[in-house]
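Scrolling down, you'll hit the structures one after another.
Both complexes below contain subunit A, partnered by subunit B and then by subunit C.
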Partner chain A sequence: MNMNARLRSLRPYMTVFRLRALMETQYRAAALGGLVTQVFFGLVYIFLYTALYAGNSPEMLRDTITYVWLQQMFFRMMFSSDGELTNLIMSGGVAYMLVRPVDQHRFWVCRDVGGRLVGAMMRLIPMLAVQFILPRELRIGLPDGWLSLAQFGLSLLIGCVCLCELMSILDAINMKTLDKRGVSAILNLTMMTFSGNVIPLTLFPDGLQTLIRYQPFAQALDAPIRMYQSCAALPEWALTVAVQLVWIVILRWIGRSMWQRRLDNMTVQGG
Partner chain B sequence: MKYMTHAVKMLFKSAMQYRASLLMQVIAQFVMTGGELLAVTVLLTRFKAVGHWGAAEILFFFGVMQSTFALTELFGRGITSFPWFVQRGEFDALILRPRPLLVQVMFSQLDPRRLGSFLVGMIAVLTAAAQLELQWTLLKGLLLAEVVLGSMLLLTGLFMIEATVSFFSVKSIEMVNVLTYGGRTACQYPVDVYPGVLRVLFTYVAPFAMCMHWPVSAVIGQPMMALPMWAYFLTPLAGAAFFALMVRIWYIGVRHYRSTGT
Partner chain C sequence: MAFIEAQSLSKTYTRHNAPKSGGISRLWRREIQQIQALTDASFSIERGELVGLIGPNGAGKSTTVKLLTGILTPTGGECRVNGRTPWENRREHVRHLGAVFGQRTQLWWDVPIRDSFLLLRDIYDIDHAVWQKRLDALVEALELGEFLNAPLRQLSLGQRMRAELCGSLLHAPELLFLDEPTIGLDAVSKLKLRAFLKEENRRNGTTILLTTHDMEDMLALCSRVMVLGRGRLLYDGALDALLRQYDTVHTLRVVFEEAPEIAALPAHVTRDGDAYVLTYEPAKMPTSELLPQVLSAGRVREMTLKEQNVDELIARMYKEMAL
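Let's turn to the complex of A and B:
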């Protein structure tokens, strides 16, 4: 296949990415409503950690505050689901989905990446604006330099893809059970704790840090945040990104084979 | 009253029809709240104390909050899902029935999967009580029961803010959840660990401190306020008062109700 044909074959995926992203920009009021919630939760956590550190090690408190804000800023990337796939299956619309001449798994992963990235970006700008009106001791810390910020950005993009591969596994489970409240809820909720949303993963016991930072849930947001906080030297940076990529490969392999099995046994309900 | 017990019985029966699904959902809730328990435990291992509170005391507060919140969501499902009720136009049917409106709404649904969260909360309370070597007396038991009831009324009242807003704006607004879910997260810890603004908010506006923290602190023998014991029996009434106020406001909302059609 020459270059041109290859590019053309990628077009449906880029289109669905763009469409989902455009759709996300339509929910500006929801984004603003989410802002209040995220700022409130961010402040509650920050006050709590201020009480926990009780004046000791102000450096670590600053890092924790930064961690909390980054978690709240990218909350939409971590936790968003429009339930479109389950709707399609329940309504029988899945029949249309199946006749599209595309790789279904890749199609939905691209769609998910588009929604999550743009949803997060839209919330990022007002969240950053809020930082300017906060008193200094509650504000997010600056990145460890330009290189650190670049490392953060790149790692975040890879992390988002990794997250969507993980979510495609949940989709495969949902396709079978058609009920989001069981197995997939368990995975989703485990993610809240082990992605660093409930408490920063950096606060887990020091002995468990290796385990905690290389598990799949940490790849989406925890890995980038650590780079934001302290610029990684080349070997460490390479290792972190390599781990992210390895998880993408593993999760994609699991997700793909689960999707394949589900699509082979798909029952179309209604017409 | 007869209506209520009958409704609760029927709802439990209908939930039991899908036993496997229900069990999965209870486990899911158990895991979720278990994750929060894990998080609190991790923090307490690292920091040992929050303000003047030790690990066991914090665990006790956490457990009371989680189990109370779970019970509220279990029995208050009718209120928490009320906005959907209005969106689908199903509220019309209730208005026509010759029974008290709010009672019908409250007992239109149950959420038995919250038993999973409730269980985690109870485990936390019992573990903490054992660590504190708490001497249970009838008085303490009664006070704790009143705390749970008062806080449930307060939380239901807070959920009713969203229920009332739904009369005026059909699209649900995420923001109004700040006091309920935000309250749960913030008030897992006693209010005196927070600075002034949050302390005032959760003492006087959404009185979690009066309903929960003050009396609980008396139960575990480290009172936050210099009050005589009988006074701690009075403060959870703030929850009932808050609830009563919200009921009034909700009924004002009902008068502005316009059906979305069916």
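Let's turn to the complex of A and C:
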């Protein structure tokens, strides 16, 4: 296939990404609600850690505060699900989905990436603005330089794709059980813990660090945050990104095969 | 070879039922039941035909449609649509199909319908200029102009159905499936939709397969009809012939000035208020012979003659076919 035809074949996926992103911009009230919640939780965690450190190691406290803010700013990216796929399956609308000549798995992953990225942006920008009215000691710290910020941004994009591949596995399970509550409940807890939302992963015991850094849940947000906090030297940076990419490959392979199975065995309900 | 060729298509579903008895063991025991949704259906449809698919709920209509679209894989039999086996290369197959499933939606709820159409353009890889021309034509025919930039959630049911139809036809499919396209529509919208479908079929030679419970749709659109019942194809042929076969009973409603001599009336008589309702079979007793006898039975104040309506005919047909 030549370059032009290849680009053309990617168009549906780019358009669904764009459309889902556009749709997300309509949920401005939800974004405002999210902003309030995330600022509130951010402050609670920060007060907690401030009390915990009790004046010792101010350096670590600063890093922890930054970590907490970044987690809250990208909360929407990590924990959002529009449940559209399950709705389609329950309502039988999945029949429409199945008569489209697209790679279904890729289509839904691209859709998910669009929603998550823009959903995160819509909360990120006002949350950055909030930082200016906070007292200095509660504010997010600056990145470790421009390079560090660039590393963070790129890694975050890769991380978001990685996350969506992971979520597609959840979707495949939902296609089987037709109810997302059970699996989502388990996964949400696991994800909150192992992505660093409850306790920053940097605070896990040193002996566990290697393990905790390279597990899949750390790839979406923890890996980029580490780059934000300290600019990685080239080999280290390459390693981190390589780990992210490897997880994308693994998760995509699992997700794709599960989707294939589910789509082949799908029974379209009713009517 | 015909455009659509189906040879002894069959589909069996497995259903898991809870056991009828047993207390706590119901937690892990379940009974497996095989449901025969379609049995040994063979038919062929030529390009450009407009075919209606009718039958009571659960007759196998949707299963037939899903097999033809490739959504389901049959448990037996063969099928070719324009030379392709639908379930073997689904992605290539569905590129040439359009479908409207009434009661479901393919357009995005929260974005302007125009954006949904843009997505469909890219999904079906339609050339931009071709797409624009087609969209303009459809928008005009379906009168979508004024709400092309409104999100789907703000449209009325009739507007929505027209938008869905537009979405399904953008890529000029060679075969269109319509599953209850007029459900919930008002009389005006129904008439418009039917006129549009006829025109689409005439102008572009689109083959249309329609399933509906609305017999008026059938009468207006389909000259050929397939009747399914309990998963079997029971009738395949002209709609007129089918109706004539069951249109055997007429009803004559008569109000007399004074009590008539009932015994003289050569038909089955029931009372409805002060009216006498006579049911008879025109084949055995022509109306021209019955009428003089009715008139001689007493002084008639009022009289109406009624054929059976299509719904009654179909209900009778289902009953006679023991569905």
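The criterion applied here is as follows: the second predicted complex is superposed on the first by the 269 of 271 C-alpha atoms of A that agree within 3 Å, B and C clash if a C-alpha of one lies under 4 Å from a C-alpha of the other, contacts with A are read in each partner's own complex, and residues count from 1 in each chain.
Basically, a residue touches a chain if its C-beta (ideal position, glycine included) is under 8 Å from a C-beta of that chain, and two chains touch if they have at least 3 such contacts.
Note that the structure is predicted; figures quoted are calculated from it, not measured.
Novice: Should A:Tyr96 be classified as contacting the first partner (subunit B), the second (subunit C), both, or neither?
Specialist: Second partner only, subunit C.
Novice: Just subunit B (first), just subunit C (second), both, or neither: which does A:Asp264 touch?
Specialist: It touches subunit C, and subunit B stays clear.
Novice: Touching A:Arg11 in the superposition: subunit B (first), subunit C (second), both, neither?
Specialist: Only subunit C; A:Arg11 stays clear of subunit B.
Novice: In the superposed arrangement, which partner chain does A:Arg28 touch: subunit B (first), subunit C (second), both, or neither?
Specialist: Neither partner.
Novice: Go through the superposed model and pick first if A:Leu19 touches only subunit B, second if only subunit C, both, or neither.
Specialist: It touches subunit C, and subunit B stays clear.
Novice: In their complex, what parts of subunit B are in touch with subunit A?
Specialist: For subunit B paired with subunit A, touching residues are 21, 24-25, 27-28, 31-32, 35-36, 38-39, 42-43, 45-47, 49-51, 113, 173-175, 177-178, 182, 185-186, 189, 193-195, 198.
Novice: Show me the residue ranges of subunit C that touch subunit A in the complex, using the header's touch definition.
Specialist: Its residues touching subunit A are 13, 62, 66, 69, 71-73, 90-92, 94-95, 97, 99, 101, 103-106, 108, 110-111, 115-116, 118-119, 122-125, 179-180.
Novice: Please name which positions on subunit A make contact with subunit B in the complex.
Specialist: These residues of subunit A touch subunit B: 30, 33-34, 36-37, 40-41, 43-45, 47-48, 50-54, 179, 181-183, 185-186, 189-190, 192-194, 198-199, 203-205.
Novice: Mind pulling up the subunit A residues that touch subunit C in the complex?
Specialist: It comes out as residues 8-9, 11-12, 14-16, 19, 22-23, 26, 91-93, 95-96, 98-103, 264, 266-268, 271.
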